[in-house]
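Quick heads-up: structures coming right below.
Same chain, two partners: chain A is paired with chain B first, then with chain C.
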Partner chain A sequence: MVGIPILVIVLIVIYPTIWMFYHAFHDTNMMSLFRQDWQPVGFQNFEAVLTSERFRNSLWHLAIYLTFGACLQVVLGTILALILYESVKTGWMRVVLLIIMVLPMMLPPSITGILWRFLLQASNGAVNHILLNVGILEGTERIDWFSVDLSLWSLVIADTWQWTALPLLIVFSGRVSLPPAVYEAAKVDGASGYQVMRRLTLPMLREIIAIAFILRFMDAYKFVDKVYVMTSGGPAQSSELPVYIAFQTGIREFQVGLAAGYAIIIFVGAALIITLFLQYLKRVMRNAGVVD
Partner chain B sequence: MSRTAASAGQPNYRLIRYVLLAFLVIWLVFTLFPLYFAVITALKPVEEINRMVPTFWPETFRIDNFSGIFADPGSLKSLIDSIIIASANTALSLVLGTLAGYALARYLRGALGENLAFFILSQRMFPPVAILIPIFFLFDATPWGTDSYITLILLYLVFNMPLATWLMMVFFRDAPKELEEAAYLDGYTPLRAFFKVTLPLVVPGMISVAMLCWIFAWNEYLFANLLTGTTVKTFPVHIPTFVAGSQTLWNFVMAFSLVAMLPPVILFIILRRYMVRGLSLGVVKG
Partner chain C sequence: MARVTLDKVNKIYPSRHGDVHAVQDLDLAIEDGEFVALLGPSGCGKTSTLRMIVGLEAISGGVIAFDGQPVNDQTPEQRNVAMAFETYALYPTFTVAQNLAFPLEVKGVDKATRDEKVAEVARLLRIEPILDSFPRQLSGGQQQRVSLGRALIRDPAVFILDEVMSHLDAHLKFQMLFELKRIHQTLERTIVYVTHDQMEALALADRVAVMSDAKLQQFGDRDTLYDRPANTFVAGFIGEPPTNFLEAEVRDDGTTMRLTIRDASAAFVPDGPRAAAIRDQGLRTVIVGIRPQNLHVRHDEGDEQITATVEINEYQGEHSILSLRDGAAEFRAMVPPSVKTGEGETIDLSYRSRDVMVFHPETEVFIS
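Coming up: the complex of A and B.
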């Protein structure tokens, strides 16, 4: 019974991965692929990737994106979830607010990208005109959200708008399921709100927050939809992420060998991170009783 | 001593409370504004949208934008295509995930089974970009070609099946084993015990899995955009085609996006509790 899913994984994941490994060591491009004729080039593709400035820049973008996109989202989501839990006590109000805050997550990522591209238009975009109305911008001043300096940040904004809801939802549900008895005991002992948060709530939610972080981190690592529809990595490659370059070299420029080089490096990176996370996940899942 | 410290801290706490509440309100505004603007844009005529100064309340209401999007026969077809693909993929993920999850939960409880389970789960986290090109050739070589329903239905298994397998394993582990054993004693065959006793116990879990798989398949864009687009066109691929010349028809784009957003939102509102469990890989009970 486990055989069929494994078979599917082998067919549509493992086989393509091996294919990419093979071509990462060859000079394959579109022509050679159709003529079935490619030459081994050793580590040339990897060398080309690792020495290219484009790749190094994209790693920097990824670091920014993961810090301000993924990490910040988990921090924001946790804070918002706890505020929602502590300060809104009416049941239906909580549900309504939770549903409102989770709405962005229900929008397809590509459409979120389109929506934010529309909101952030320089000349008549809604965001710039709000800034004009509140007096942050004046006269003909406009922020060009898709300039070299800002386009990566526009992606981060759109992504944060959409995905803060995930850690929020997970942490909120985690907080709801914490045992009330512990809190009553703390109240009897006269613990302050800060102490309860610091010594009780956060430690008890640590693993749940970690799960939210792992989920967000892995999604952010492979993230490409919004780059594709919002900025296409531009202008001047200023918002390119490694995954997007792999995609661009492979699908648009059809330098299959080079793209495979990118893909394998990304793959190895993912494998390292996943292995690391799985070790932790195993522990968390054991504590939660999900696995033995 | 402690009383003075507490009373000195009192006004501070109130201030912090207000600051936190203000933060929550600001976040709500930040969340709602883009959606609000999408709604009013969907109700405006194109000329009003293209003005140099955007209006924050429509001067002219065009409710017929919502029927206007369906003047393009591709619109309705793209929604139907998306429904077909998402539903078929969900059904397939659910069947495979249920069987594999059951096997992992009941028969493979040792180190091998656990590693297998984590291996399957890890597949969900890998970047699909790493396999895009060979996937294209793989499906190109099949009799149905790349631009077909089967392509996307099978391809979305890449991310949905590992999730379904993992979650079903979690739900089967939760289901009490004793009932199944009692059924065996009553002379049930393993198959009958599975369908009559165990499966009904995990129906809530199956709802959660089905909903998540359906939403993920419904929202997918990258594979759909690259591999299909002529015979089969899902709605995320269809939406960018609302253009007149070089001008984007934002009212249609927004109206159609809102229509397409409805199914996931409705699913979430009705089945919220089930969803949290699935989203957290089974850790948070929801």
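Coming up: the complex of A and C.
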């Protein structure tokens, strides 16, 4: 009985991983795969990745995307969650509002991407229309959301629209479970709303917010679907992210060896960042007394 | 400084299984600078009353006034009250020192003064060694003292203290009671102190408000509560061991009245005024209340006497408790440990007729 899960794990996790590591050190591509002869090339694939300007640009895009995507979502989500908690006290109203806010999260990311590709269209997209109506744009002025300068930001917008509800949900449930007695004590002590927020609520929610951020970060790190349907990394590779390049190289161009090199470097990067996060989380949790 | 008056105050918690009437028509007038204890069994509405005084709970009916000014619509901050919570309610992300300093911090008190006050309160409450700990690292009794300290560090119109000593050992409790009493004498602030421990209430308070079943039973100083309890509840609640209650029939020949215990041979003789009151009300039966402390083995001039059989002689160090039987009636007496009367033996006990308390058989109200 135990054998079956192990077999499954070997088949879907371990075997492909070994396969990937093997080909990362070979010049495997469509032709060599077809002919079943590939040559070992040492670290050439990794060298190619690390020296490529395209990869370095994509790292920069990733940094922007993580900062303004994941961070923005967590900050927005936290603010919305706290506003929702403070201003809506009726139980069913809260549920209704939460459901509405969570709806975007329930769409498949690719569908969301397509939706936003339409909304952000330069000539007759809804967003430009609204900007026109409120007077930010005039006459024939249009914002080209999929230009070199803006296409990465279009991804950030679409992703934020879809995922802000996740940190919102997490922070909201965290806020709900904070002890009411502490707030009563603060009220009796005469603390102002700002003092309560700054000195009590946010510090008490610190671990929760950190967890929400880590979740969003991990998801954003492997973000690829919206890039694919919205911008295809363009124009001129201006919205390419590392995972998208790996995907392109491997699936589109069938340069399996190079793609494996990409994948391993991305994997190592992820492992490093997650380790740092876990260190941080452990420290935070130790401070909060969750673990020893 | 404030005089706190409660006028027909009610608290009703709505709930799906019918409303809970937690406080009913409570009248209480607490003088400025007075130390008042709110005493009563668990669930009688003490915390609800406090929370309304503080302003954490809406008042369902009636008026609470500070110095004659109604405060029903004021926030806790406007009322300027300090409260120590039954559940401690410490700030989990602050150290003990930060917890203590927070009420001062929000008022904009400078750091030097804050530190000074924190040190002073910490010394008073014996919590100096834990100033840098977080609440989760503390024992119940330590948290309780921090919570008390966070209230005492302030300079409010009224201190509201909810069961602040329930988790302290006897020795520490004794010290804290002493400190609290001294703080009250120096500051002369109004203090409302909730407890279900009568020892604390009687030791600390100028006057004690006894509550039961959401209602105020009696409000008075310890002698009044002890000698003239408003009803059988107060008589039974105040005093340890509890008062003996015995159903009795009134035998009256016009000059002497004897209250004969039902299904027993003993009879108690009430003092003159009480006999007159019973006669006035034309009662045929009454409830007799006699405290175990007031049944003596020593016989003084003018004392009355009863005889009973000892069932248990329980040695308790400074005194012994005799469990006694007379016919179907059972009661207890507190005697010196030198009394060695054993099981099955009879004993003569004396009492003063003015120590015989008498209550109405139906309303259970004290007859004076």
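One rule holds in what follows: the second predicted complex is superposed on the first by the 268 of 292 C-alpha atoms of A that agree within 3 Å, B and C clash if a C-alpha of one lies under 4 Å from a C-alpha of the other, contacts with A are read in each partner's own complex, and residues count from 1 in each chain.
Everything that follows uses one rule, which is that contacts are C-beta pairs under 8 Å (C-beta built on N, C-alpha and C of every residue); 3 or more make two chains touch, one makes a residue touch a chain.
Just so it is clear, the model here is predicted, and its values are computed rather than measured.
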Chain A as common anchor, with chain B and chain C clashing or fitting: fit
First, second, both or neither for A:V2, with chain B first and chain C second: first
Touching partner for A:F46 - first (chain B), second (chain C), both, neither: neither
C-alpha centroid angle, chain C to chain B via chain A, nearest 10°: 70
First (chain B), second (chain C), both or neither touched by A:L278: first
Partner, of chain C and chain B, that touches more residues belonging to chain A: B
Contacts of A:P203 with chain B and chain C, given as first, second, both or neither: second
Partner chain in contact with A:S177 - chain B first, chain C second, else both or neither: first
Which of chain B and chain C A:I79 touches, first, second, both or neither: first
Partner chain in contact with A:K187 - chain B first, chain C second, else both or neither: second
A:Q195 touches, of chain B and chain C: first, second, both or neither? second
Minimal inter-chain CA distance - chain C and chain B, angstrom: 6
Footprint overlap on chain A, comparing chain B with chain C: 190, 192, 288
Partner chain B, residues of chain A touching it in the complex: 1-2, 4-6, 8-9, 12-13, 15-17, 19-20, 76, 79-80, 83-84, 86-87, 95, 97-104, 106-111, 114-116, 118-119, 123-126, 129, 161, 164, 166, 169-170, 173-174, 177, 190, 192-193, 207-208, 211-212, 215, 218, 221-222, 224-225, 228-229, 243, 246-247, 250-251, 256, 259-260, 263-264, 266-267, 270-271, 274, 277-278, 281-282, 284-285, 288, 290-292
Residue ranges of chain A touching chain C (in the complex, touch as defined): 179, 181-182, 184-192, 195, 199-200, 203-204, 206, 288-289
Chain A contact footprint on chain B (complex, rising order): 2, 6, 9, 13, 17, 20-21, 23-24, 27-28, 30-35, 37-38, 41, 50-54, 56, 96-97, 99-100, 102-104, 108-109, 114, 116-118, 120-123, 125-135, 137-138, 154-155, 157-158, 161-162, 165, 170, 173, 215, 218-222, 226, 236, 239-240, 250, 253-254, 257, 260-261, 264-265, 268-269, 272, 275-276, 279-286
Chain A-facing residues of chain C, complex: 54, 56, 75-77, 81-83, 85, 87-93, 102-103, 106-107, 134, 136-137, 150, 154
